[in-house]
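Each of the two complexes below includes chain A, the first together with chain B, the second together with chain C.
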Partner chain A sequence: MADAIQGTTAPVNVSSAWQLTKYGLIGLLFFILLLAALGWITSNSAASTRSSQAVDFATNTVTLALSTEPPQLDSTRATDMVSGMLLGHTMEGLLRYGPNNELIPGMAESWDIHENGGTFHLRQDALWSNGSPVTAHDFVFAWKTALDPDTGSQYAFILFPIKNARGISEGEMDPETLGTKAIDDFTLEVELEQPTAYFLKLLAFPTYYPINESFYLSTDGGYGSEAENLIYNGPFKIVKWVHDASLRLEKNEVYWNRDATKLDAIDYAYILSDANATLNLFATNKIALAGLNSENLERALKNRWRIKQHNDGSVFFLEINHRPDRITANYNLRRALQLVHNPSELVYKVLKLPGNLPGESIFPVWLNGVDGLFRDEYPGPKYIVNEEKAREHLAMALEELGVDELPPLVLLAGDNPVSNKQSEYYQRLWKEKLGIEVKIDKQIFKLRLEKMTTGEFDIVAAGWGPDYHDVMTFGDLFASWNLNNRGRYANEEVDRHVAIAQSSSDPVERMEAMDRVQQLLHDDVAILIQYERGSVYVSDDRVKGVTRRAVGLDPDYTRAYIARDSEG
Partner chain B sequence: MSDLSFKPISLAADVEERSRPSLSYWQDAWIRLRANKRAFASLFVIIGMLVFACAGPLVWHIDPDAQDLDQTSKPPWGDRNALVQSYEPWAGVTSAEPQGNNLSPESLEVVGDATTTFVRLVWDPVPNSNGYRIYRQIVEPRVGDPLGLPIGDTKGATSVSFEDRLDIKPKSYWYSVVAVNEQGEEFPEAATLKVDVAFSTTIANAVERGYIEDENSVAIGDTIKVPLHPLGTDYLGRDMLSRLMEGARISLFIGIVAPFLFVIAGVIYGSFAGFIGGNFDHVLMRFADFVIALPFLLFMILFKLLFGIGPGESGILPMLVALVVLSWPGAARLVRGEILQIREEGYVEASRLLGTKTPRLILRHMIPNTMGVVLVTFTFAVPSAIFTEAFLSFIGMGVTAPTASWGSMCNDGIKTMETTPHELIFPALFISITVLAFNFLGDGLRDALDARMRYGE
Partner chain C sequence: MIRYVLWRLLQGVITVWFIATVTFFVMHNLPGDPLADDKAVSEKIRENLEAKLGLDKPVVQQYFIYMRNMVGGDFGLSFVHENRRVNEIIRDHFPVSAILGILAIVIAGFGGILWGALTALYRNRWPDIAIILLVILGISVPSFVFATVGQLALVTINNLAGFEVLPVAGWGTVAHMLIPALVLGLGTMAFLTRLMRTSMLEIVSSDFVRTAKAKGVPMAQIFSRHQLRNAVLPVVTVLGPSIAGITTGGFVVENVFGIPGLGRYFVLAVQQNDYGVIMGTTVFYGAFLVLMVILVDILYAVIDPRVRLE
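Let's turn to the complex of A and B:
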């Protein structure tokens, strides 16, 4: 003790600092050893479990991962991409998409189409997986079910081109008046509300899939909730569905075109939302396809994996709330936001993910126009950054609103790394350039959708994926009657042009109307387009014949096969 | 044996006198704390951390929220010399119809400077092609290797240029161009070019960030020095050092204020329970047990609702309240135990017999004697509060953007752990050091304040 008392000056401090450093170093060394040991263990275990492989030659099976569990697989109620993907593998509509994204006959062998409708001749060899034939009645039943207000289908609107469909869905008309009927078991007649140039393209969409009525009724309301509560008319059938864990598809042996299906099974052995975990599965040869993000891209590059790019067809935008009680209803404020909006900065410097294209128009670049691509024919307006003008408009907005300072804007956004990054970017951008405070309201998808519907936001980061291959899948999004127009944007001129494009069968007239729409949406600052989403992914080279699409079934394994190369 | 052997000792004052200055309890504790090297060093670390949090921004003026998108995820040792560029949209190059029968896009080259603002490539056209696909790789592609990241496509055999602007870092890239046919299939041959990219900034950005006075003070192609980021920048180009300072204020505020408040609450509660005793004590302590059993996270959410903290507003206040409301029983129990013991001591009895009133008895005799325990409880409560804050901010319940806290910075950094580890390591290091320092100090204080270890007794 006495020694310690005498030695209480500087030297002790130095040596105690040394002691601390020593502890720190020992700790660090231990940590590094631990990491090395763990790394060694994982690499060993990866090698030892290689038997459950991404590609299994013996059983002709491909193993994949799903990003989320499908809520249910009732085609009349499906809304999400995972459900659409699984339904696309197990079901078939009148038409389906072929390997080159063209529409090919599905359940319908041939069809006669005219301005106000059409007749579809169903193939007689098409069977449900329980052995009963697929008939025209199955289509009529499915469509009526989807339109039944009790079903609560969010996609009922996609059936609206059919005569009286809207009235039935709103509960104002008798379901029996629906403009479709089965002439006999294999002839289906469809009557349209008005000429609809893109009607055939709708027929490959899940809501248009058939449902076997007697089976549907036998499930007693549980249709689509379990593998046992489903029957299939597509290339695959679900044989096992363990909720939140895995899902297994096997070849449907009674599918009419069974010879085109090469794989015996697709095993969705994992349901995982974490991108890094998914990539680890790919790295250890457990799954055949994994998406990349800006964080784990470098790992894929260093490993020299073959990286592919895919445009998933969707457009992302900031939707502005136009409800009259919101300050964002003020045009000058919206214009000020538009004048500092720089999509290429967002895409190249913030999101940093290859495949994304800076957005300019609600119509993505891949949509067809009159002869070529729509955006080549009608490029549409561009965003031009002009901070000075932005501040002028902001000053006008403040004057019109009668305030000195704006209350904070509420930016409703998702709660995931990509959303957080862009939310923080916009928060700083608007603060720095315009002095506008922004509150970020992070919500999971379900709650975000709820708030979007009730209008509890000023600006919301939203996106829209195409349902069918026509400009209209984006074109009617901001029509005042569209329920997906969450900002309640209402512009009579937009409505008028959408109506023209819906009913006209002259391609030039339709495309010109759509061009007006993109111009009007820009001039009135209805929304701020951010980007067209693309993605990069790594996939097992031994799996061939996989089709990636912007519209329709994606990724499509219905014609995939396993190549027995030298490595295998 | 002589007489001398039995000489009486003198009473002279040459007896060795041993004495020491009278030390109070606190003086003695201080001396023993200083003797504990580990604890004493920790004390300096803590003081340093407080200075870093409070005085740091006076020295380091960079706005913690300012985003410099030209320098995202820059490591601490990143290049500070920026080439000045200006960005004008590039129309690209269209060649004449291709001649000959070459299969790979030959003479791939860079137009202008290859900088982090853009890299522009041109090449000779390939006959019978329907466009080109451009790849970028960060390691040299060996023969037969995939070419890297597909960064873009061009349409038509004559569109023979590409502008890359996607998150370019100042390092070497291998660009490859391969022709594709009508079906979108790639030709077997590719042209590859190694490009060394220089760090650059645009004039507009340099003016806006205040790197240069005005547009005319530099010309395109000049080199300027951009401000130093000693600890690098994060994924939005924000200065890590100033964000860590901001985070330190949040972490230390929660870490010190919350324990301070709940320890005081615990002392008052515990001393009443302990002093009055009996059934009163019984009821009070059962209530404390009840509070211990309440789930913290649930209450944190409830307080958030109660305070009307909307989305996008900071959750620091409800966090503080939840910590105080739920964490006091620990301190209360300890103090009650001490008081129960002290109550029976002779000096308390004596004081009571002399007519001292209860409040004075508690204030003068009881509480000062529990101070040691209280102080130790406090120092141990600090790291756990800091950790709670870090954890809650990590899961997104604490601070909201753009405010930074160590926990939220860790959450941001963990996503890029493999590519830019500095974004995770620094905040994690600050949390670890602070928590460790408070624990060491608590350890030292416990030893120093233990009355049984007092020097010379």
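Let's turn to the complex of A and C:
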């Protein structure tokens, strides 16, 4: 049809062209008017981005981007990194982590701790941002709320060292029996279920933050959903939160330690999950920090930006399914996989992202031991590749399983470039070295989680990030009763040593128990450790005093300041 | 006319009900557990969460409860953004998507008609060939490529200029809207250009144009009254679904430019099994689409005197 018409090339009618130009101009005018009108509407609404620079000397403000919108900022229910980071800037527990990850006083001025509990003396000058004092009752209320089964807090378990906390969370005990009591407004007494050597370290975690009861009730179920539905007792307060667009923190003028806060404002002016877009903002001096991934690292290198790195604290591993109906329940098969397992190759030849460390133990290198670092004191076992021995174990496994050839192993993994690289590496590795077929089951997060829970996998790529600065944050992960032990690994000896490390107050005994655990997990091939994740980023050098942490709020701007001159 | 509109609205309501029902049951059969998250929780906590969100009841009963609430205008709670009602999410984020969508559709509509008319006017000459080449590019390149390339271009321009010509990301002023709207509208514009060109060329050789010429009507008048007005009809027809496509398809653009629109919620909710948001956004967008199609049909009668709404 069109062909028949296209044959005719009639002379162009100039007056028609004029007519069209006229229409075009009218259209353009209309568009400009529309744009102006919509622009006016939007700039009058809340969802407007201020166009400030990454570092603003005049207002003493640093502008940053958040990777995701916090689902809500109710400290009893927060689970994600972004929420933890924001809560860490705006709230404060009894204790907090200082610049060198040491525990420093927060709401508690001093404390007496003994085997079965402790007494915390709260500072009397601590105020909520609405002017009411922070009292011991606020802690009792927050902890009871987090343990209330109706709250549905995923982090209720972190309160379990407190007497009767577990029973209350499971709905079997009266909340009034919780082992914590406000003796008076400024004295909080805590009774523990059993001696817990790491209890103080838990107190810096968001679930332990206080909540003002009367304010909480005044929000009518909306606590933490908007900036107006929160009050703050930390270094900063949220003055504006536009969902999915921006979040602005300003210095909390009533914070007891306000003199330590140097910045007047932290403006999270963008909420962007796209790593390239975030780097674009950094490139145009709009934000002071941008994370890098394997895709945009190249660009940062080309621009000759100084690439910085830090250990983000998490450990990644291949979790093996130990349910009895799975072939991976066979020790010799697992041992064969272990004998070709080479974390260095994965980190340096496959992932190739600076900052990652080859993994050896479930306990990452930065954890503290008795006097120094745990892994310096207890290096733990190493992976030694031995293909010949691996094949021997595989032969034994085949015999035990009564088959000539293994059915394909199901490797459950995420669906993103980094996961894909890894999965394909293992698929090739096990095929080449052991002749084992691997079926990669790529799933998005929720579906992966469901399959992990129901046990529909042989091996799953998983990871764990620390909640508090003690070996126990990793140590109990493979205890048989831990719900996060998705491979259902069960070993009485591991359980026994975990129990020792939980209840003993002798540091040497605790660390030795944990050393036994890392050895047992290795010998029994409970899991295969892959790597400790490093995070690579670029940041504005004019902003000083930013703490990057493996545990707790990261990146920490609570003591950051803007250097007036750009040297140093 | 009024009877026709009422009849169409009734049809619309039935369509939306159908969409809601199908979505509800498909969603409940989606693999993935809406309550599962990083940390495993105890049985008791899970039971309480299910009770709170109404998931402990049989699906059919849940359906009737949901429908009752929906008729009352309540879309319930978000599962992921606990403490936020789906109504609030739509209220906060739809206006942003709508503004972006309106701009994109205006760019696409006007652009499509103009470029299409231009190519028809200059058929087989260089403006025609150049534009059609661009059109092929516009149709075949997905919007996330345009978004990324567009943003990178902004970075380069801003750095070369030494000041901020247009912001790289964010939302709030006219400057923030321009490039995202253009990127969002580009694909549709290319499609409409082609449609307009074909339809213009068909009309050139129609009887009434020949008659008008024979009667000695000035060329410019034939062009604007006879050709353009008639050729625009098919464009208007596809505009309705395009509006819905653009406002709902803004996910990628919103993601790259950090725009707080509803598109992100619409897409992420499915991945997160956020039942509340899936239902709320689907029903809302469904109703929106139905309304747009009805509006276009009415607009049709205004443009084309041959169409009578009975």
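The working rule: the second predicted complex is superposed on the first by the 513 of 568 C-alpha atoms of A that agree within 3 Å, B and C clash if a C-alpha of one lies under 4 Å from a C-alpha of the other, contacts with A are read in each partner's own complex, and residues count from 1 in each chain.
Definition applied: a contact is a pair of C-beta atoms (placed from the backbone, for glycine too) under 8 Å apart; a residue touches a chain by one contact, two chains touch by 3 or more.
Note that the structure is a prediction, hence the values are computed from the model and not measured.
Student: I'd like to know which partner A:Gly359 touches here: chain B for first, chain C for second, both or neither.
Tutor: After superposing on A, A:Gly359 lies clear of both chain B and chain C.
Student: Spot which of chain B and chain C makes contact with more residues of chain A, would you?
Tutor: Partner touching more chain A residues in the overlay: C.
Student: Does chain B (first) or chain C (second) touch A:Arg306, or do both, or does neither?
Tutor: The first partner, chain B, only.
Student: For A:Gly475, using the defined touch cut-off, is the partner it touches chain B, chain C, both, or neither? Pick first, second, both or neither.
Tutor: Neither chain B nor chain C is touched by A:Gly475.
Student: After lining up the shared chain so the two structures overlap, which partner does A:Leu34 touch, if you call chain B first and chain C second: first, second, both or neither?
Tutor: second
Student: On the A-aligned overlay, A:Leu20 touches which partner chain: chain B = first, chain C = second, or both, or neither?
Tutor: The answer is both, since A:Leu20 touches chain B and chain C.
Student: Touching chain B in one complex and chain C in the other: list those residues of chain A.
Tutor: In the superposed arrangement, which is not itself an observed complex, chain A uses residues 1, 4-5, 8, 12-13, 15-17, 19-20 for both chain B and chain C.
Student: Which chain B residues qualify as touching chain A in the complex?
Tutor: Touching chain A from chain B are residues 31-32, 34-35, 37-38, 40-42, 44-45, 65-67, 69-70, 72, 137-139, 141-142, 145-146, 148-151, 165-167, 235-236, 310-313, 396, 400-402, 415-416, 418-419, 440, 455.
Student: What residues on chain A touch chain B, complex-wise?
Tutor: Of all residues in chain A, those touching chain B are 1, 4-5, 7-8, 12-13, 15-17, 19-20, 294-299, 301-302, 304-309, 344-345, 347-350, 352, 354-355, 408, 410-411, 415, 417, 420-421, 423-425, 427-428, 431-432, 438-443, 536.
Student: Touching chain C in the complex: which residues of chain A?
Tutor: The touching residues are 1-2, 4-6, 8-9, 12-13, 15-20, 23-24, 27-28, 30-31, 34-36, 38-39, 41-43, 45, 47-51, 65, 69, 71-72, 74, 77, 79, 149-150, 152-157, 169-171, 221-225, 229, 242-246, 269-274, 276-277, 280-281, 283-284, 286, 444-447, 449-450, 453, 483-484, 486.
Student: Within the complex, which stretch of chain C touches chain A?
Tutor: That would be residues 31-34, 36-49, 52, 80-84, 89, 92-93, 95-96, 99, 102-103, 106-107, 110, 114, 117-118, 121-125, 148, 151-152, 154-155, 158-159, 164, 167-174, 176-178, 198, 201-202, 204-205, 218-220, 223-224, 228, 255-261, 264-265, 271-273 of chain C.
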